[in-house]
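Shared between the two complexes below is chain A, which pairs with chain B and chain C, respectively.
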Partner chain A sequence: MKLTRRTFLKISGATAVGIAASSLGFDLSPLESYAATLRKDLKSAKETTTICPYCAVGCGAIVHSINGKVINIEGDPDHVINEGSLCSKGASMYQLSAANPNRLTKPMYRAPYATEWKEVSWDWALDEIAKRVKKSRDASFMTKNAKGQVVNRTNGIAHVGSAALDNEECFMLQKLMRAWGLIYIEHQARI
Partner chain B sequence: MGRATNADVKRMKERIAAIKEAHPNYQRILEFFEKLLLEQLKIRAQVDCRVPEISEDSARIRAKEGFPMLSKGDFSFDPHLAARLFRSICRIAKRENEKLKAEVGKIERALRRKEIDLEMCLPKALEGDHEYLSQIAADVGIDRGVMSFLLHTTIKPFVEVTASHLKDKVDEDMWDKGYCPICGSQPLMGELRGEEGRRIWACSFCGNQWRGKRVMCPFCENSDQGSLRYFYTEKEKAYRIDICDKCKRYIKTVDSRQLAEEIFLPVEDIATLHLDILAADKGFKREAFNFLGIF
Partner chain C sequence: MTNHWIDIRNADVILVMGSNAAENHPISFKWVTKAMERGATLLNVDPRFTRTSAKAHLYAPIRSGTDIAFLGGMIKYIIDNKKYFEEYVRLYTNASFLVNPKFKMPGELDGLFSGYDPKKRKYDKSSWSFQKDEKGLIKKDSTLQNPNCVFQLLKKHFSRYTPELVSSITGTPKDKLLKVYDIYSSTGKPGKAATIMYAMGWTQHTVGTQNIRTMAMIQLLLGNMGVAGGGVNALRGESNVQGSTDHCLLYHILPGYLKTPKASQPTLKAYNDKYTPKAKDPMSANWWGNYPKYSVSLLTSFFGKNATKANDFGYAWLPKLDDGQDASWLNLFDEMYKGTFSGFFAWGMNPTCSGANANKVRLGLAKLDWLVNVNIFPNETAEFWHGPGMKPKNIKTEVFRLPAAVSFEKEGSITNSGRWAQWRYKGGNPPGQAWPDAEMMTELYYRVKGLYEKEGGVLPDPVVKATWDYGPKGPGGKIKHCDPHMVAKEINGYFLKDVTIKGKPYKKGTLVPSFAFLQADGSTSSGNWLYCQSYTEKGNMMARRSRKDTSGIGLYLEWSWAWPVNRRIIYNRASVDENGRPWDKQHPVIRWDKAAKKWKGDVPDGGWAPLSAGKKSRYAFIMKPEGHAHIFGPGRADGPFPEHYEPYECPIEKNLMNAQKFNPAIKIFSPETTTPLDVVFSCDPRYPIVASTYRMVEHWQTGVMTRWQPWLIEAQPQLWVEMSTELGNLKGIKNGEKVLVQSARGQVEAVAIVTDRFKPFDIAGQTIHQVGLPWCFGWVTPPDGGDSANLLTPTIGDANTMIPESKAFMVNVLRKGV
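Entry: the complex of A and B
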């Protein structure tokens, strides 16, 4: 018989079939009772591979979930970039999930000289940001510098990016800030 | 374990003792298993088997094509040493329970009357010729499961020593299959090992352990994450039952990162029979059998 990979698999697959079900005379009923006590607590979880959202290294991770709810995130040992390890930030990815009770879900506002943060609506926050950007930019915009060269910039606003931003978000923010004329564009990771 | 050192044996005994204390239900079955393992280890120290010559080129080409290094017929054993181990196992088994006492007694009688020839049966067990063995068992009127258990427990140390000699020839980067790179058999149990949680499979036939893919069914090679799941309980977080909704088979996995002691996968397999019961309940099938031949 010519041994192809397929026939080989058929042969090796057949090995287990012939062994008759038998417990060699052992009494398995205590184990069955024990299994019965665990039955109601049996959970069904899923593993989904993903890429860490933080920096451009692109480490692989495995997300464990039950019915869409994240229960754990760990490095993917089969991922070519990180082979299972994650940096401390990547290892804390789980904190981004709904399982983290401290995760902010609404914008927070602390007024000038106030000591407490308060929750505000997205509409209010975005309008307020737009208003203040417009005010500062109008007040500080510089078309030409002292030498008379065209610069079209504002020194009145600075931007600090977040370590939780992904590549695409950084790209968009960079475009927006440059369009406004900002030159102080920083990233939290460099501070 | 290739050639088990005294330290290996000591740690294995400690692990068995720890499980017995935590799960008194497993006491009898693990004590029996431990006696068998110790008997096999005793023989293993004397095994001087012929290891098939495999050139590096041939190993590489076979691995690339998805073929294991050996077929089961390539393994060999010393008939005298095997007969000695067979007799020891019969002696241990007969003392265990009424069923084994009766069945092993029948097999010993059949051997004395030359109705069964051990030198014929052992190679058949090695090659996995189940039809032949079923026929013999039926002809002589003995329990097929008990006969299979005795034969497989006898050839195991020889097979394991051969595999341990070939382990270094396996190129891990070339092999991520669900079957053993040395003998081509299905895995008995899985492990998530090391800080990174590498997936390790333990071969059900030659005992070799190899690295596999984390998210893949080892039996049908399904890697669609939508149809792969695992069952677990909060009470036993180190253990899980990996299941494939496509082929409806399962394999147990132990996450050794969650256990303090060193583990031995064949021992963990026996000590988690209750998970086999739960998996069978849910309609999933086991692919490779342990020495009990159940599920």
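Entry: the complex of A and C
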């Protein structure tokens, strides 16, 4: 879907009014009213700290949420590295939240030679992936190499990713892939 | 980073080269600015005048791919003008070591080091060795005068890098070269420090590793390693690329930089023996001598109670590489193109835009039976089957597109470039049915395991015996939800038995206090020895948020936790003299307290007394078996000293430094072997312009996360290509016009930015133009926003790391419709 800043604000719950020509040539009233609503909401919002998901400076930010819905994210003034500052990406972190209608929300499947996506359940997707992992693993597993040395590896599945994951997930993921016998395991650090 | 972000404030000179920190790591400039406020000088060397250049006291242009020539000239300058910090060099580096007399250098061998085999494109490194005495100890000459000592060889090698020759290779005006050399080398004395901030501008070359080594050698010569405001600092580009590297989502290493086992190591003993270095010198700490403690603790974390002494702790279940096998990125996609894989996971990655020679990657995906893509937004990888030039009805690949939670919709830690592991919390719910990645991994673990338990299959043991104790278990022994704290604790490690260490008892099931307690007998576990101490019985160290800083140099020892063992500046034993007195009295990192007989300040690189204590002490560089930093680095694939070679795809016929045009030790992907897309055209009139890829502040990596955000896409809506006014005039291209950028491998459409930020280079009398374009766009969104600049880049990698050479390749630029 094509999304402008204005429609985004509308979708994300801010008050949007029609554009009226102003002396600036554009209308600031939706932004002003959004800011006013936000100021009010922030008072009752829950604050949790986070670390920016972009570059590896590791800037701190504060997430404001109401009943699990993120309403704002801004720089953490107590953070010793960024002392509240954020770059343009970091300052836009809110637009990564569930408020952005472009976020993926459902597991999807594209069948061989299909021209479209099909919506599927998690249960189905995970079962089908598991079956394929087993089939590919069993078909390509090499117990011994050409020299007769034990190698116990899965030659037919590769994996890439991800520096965007948490440490705990990175550890789990490499454990899982290695338990399945993969050797073709790579990610962003190589490129 | 050997140091960390806040530490930049302690520098006297800052060199930004191979990065554009002001644009791509903007908040780093908070600390660059703090340093400048106290009088530091900012130097910037880059092919293009960037946002960093705009802040610099001195900007010097450089042709892409000639950094070794530039920095090699600095080494010559430092030696010729005696700018090096002699006492430091003598105490802490291998400058005094005597090298095998059979060792020969490029000045003597037409650009090669001794031992080159042109058929294998590999070196036999036997002559790259040190002379040893009858006790097996390395022979040294502390006067640094012996013609075979490292220092004299270094001097001889770089004597060829004259300012005139360097200037003709790099295109940097000689006066600017000398000015950079003079200012930077002014820090080669006690109490002064210079730092280097580099990123992919140095790594993405066929000589990437040697680019960084040249700088590391400069830092050693100037005594800038281990000190505040110094170090070699890689500005890492992804929030957790440090952590994902530490946990080794890479083919060649296991968590904590342990080696992936090889086919020639059939037993745990053979494996440990191979990778546990031995040191003859009693003053060498030889930290990797602890290797078996870390490898066994890793295996017990993988397989839990199924890992026993009797079964080699499950070592046989780990997949093994053939000896010499390289399964890194470029080879992975080469194999994919050849049809080796039926299945592929692209988890939190968009390789169809981030991979070099992206057309090859895109076509490779069509050879798969199935593809799983996990992401938070639609991207060019999951959607590849209906991308440009693709016919969905001809593409068999099944695709599973799984929606993930974003960072602040789950809990866990990430490690920044300064090695700080910082905890973050769940601040909101993911949209719709999006899941945290850890839950997907958990489900896949149980479902694949279940199939093997039910149906059997090939070697089910590792699949069914790997543990997954990451939460309270429900019916059937399955965890209901993954608890990241449990994972973090497994990474830290547990005592698996009641043990007594150094007279102190530790209970089974308690967390190991630090890696010094890990054992090789199966009595401890640790998923990653480097992170042992991150989550202890005292709590989650990564979640600490104390703003207290008693160090005076911004170490913030109680803010989060840094590996290893909360050390904020690594190699800090080199920040002091023989008696433990800091070289820099104003910014001491550590100092020896004689009365208390211990170090004060940062966590030292080992608690031994200073060097003057003789045998009670240990050399400063504890990770090297000889205890000294490597000015002579015999471990590299392409030479113990760096040498200038041209980029694999380059604009000039002859390397002006030597008779080898490009790095003799790189792997060549011939267009005849896998795909014609592996073509390169050097010195070809069809592709006469040097190109480089880079980033911009508004978008991130391939743009998957930022191109779907209205605020950011409004600021930077489409692909552009920057070129000099001179090139614009030559090509009849005006600022703002749509142009095509073409390489031998692909083309993209972009908006021309005709600018004075680029200037043509004068390379030995030849005018060389360079252009640059960002790689953050893709065809999925925004419409007409352009596609990935990686459609242009070649399949060629660094001789040591196989990181693709995306920073120097050849293109043409032409007006659209001409």
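Here, the second predicted complex is superposed on the first by the 108 of 191 C-alpha atoms of A that agree within 3 Å, B and C clash if a C-alpha of one lies under 4 Å from a C-alpha of the other, contacts with A are read in each partner's own complex, and residues count from 1 in each chain.
We adopt the following convention: contacts are C-beta pairs under 8 Å (C-beta built on N, C-alpha and C of every residue); 3 or more make two chains touch, one makes a residue touch a chain.
Just so we're clear, the structure is a prediction, and the values are computed from it rather than from any experiment.
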| request: Tell me which of chain B and chain C touches more residues of chain A. | output: C
| message | In the overlaid three-chain picture, which partner chain does A:T48 touch, first (chain B) or second (chain C), both, or neither? | response | both
| field | Contacts of A:E74 with chain B and chain C, given as first, second, both or neither | value | first
| request: With the two complexes superposed on chain A, say which partner A:G84 touches: chain B (first), chain C (second), both, or neither. | output: first
| message | For A:T154, using the defined touch cut-off, is the partner it touches chain B, chain C, both, or neither? Pick first, second, both or neither. | response | second
| message | Quick check for you: in the superposed arrangement, does A:L38 touch first (chain B), second (chain C), both or neither? | response | first
| said: Show me the chain A residues, by the header's touch rule, that chain B contacts in one structure and chain C contacts in the other. | reply: 5, 8, 46, 48-49, 78, 83, 85
| request: State the interface residues of chain A toward chain B in the complex, per the touch definition above. | output: 5, 8-9, 12-28, 30-32, 34-35, 38-39, 41-49, 62, 74-78, 83-85
| said: Applying the document's contact rule, which stretches of chain B touch chain A when the two form their complex? | reply: 23, 25-26, 28-29, 32, 65-67, 72, 93, 96-100, 103, 128, 130-131, 133-134, 143-146, 148-149, 179, 184-186, 194-199, 204-205, 213-215, 225, 228-236, 240, 273-275, 277-278, 281, 287-289, 291-295
| query | Residues of chain A touching chain C in their complex? | reply | 2-5, 8, 46, 48-60, 63-65, 68-70, 73, 78, 80-83, 85-90, 92-93, 95-98, 100, 102-115, 117, 122, 125-141, 143, 145, 147, 149-191
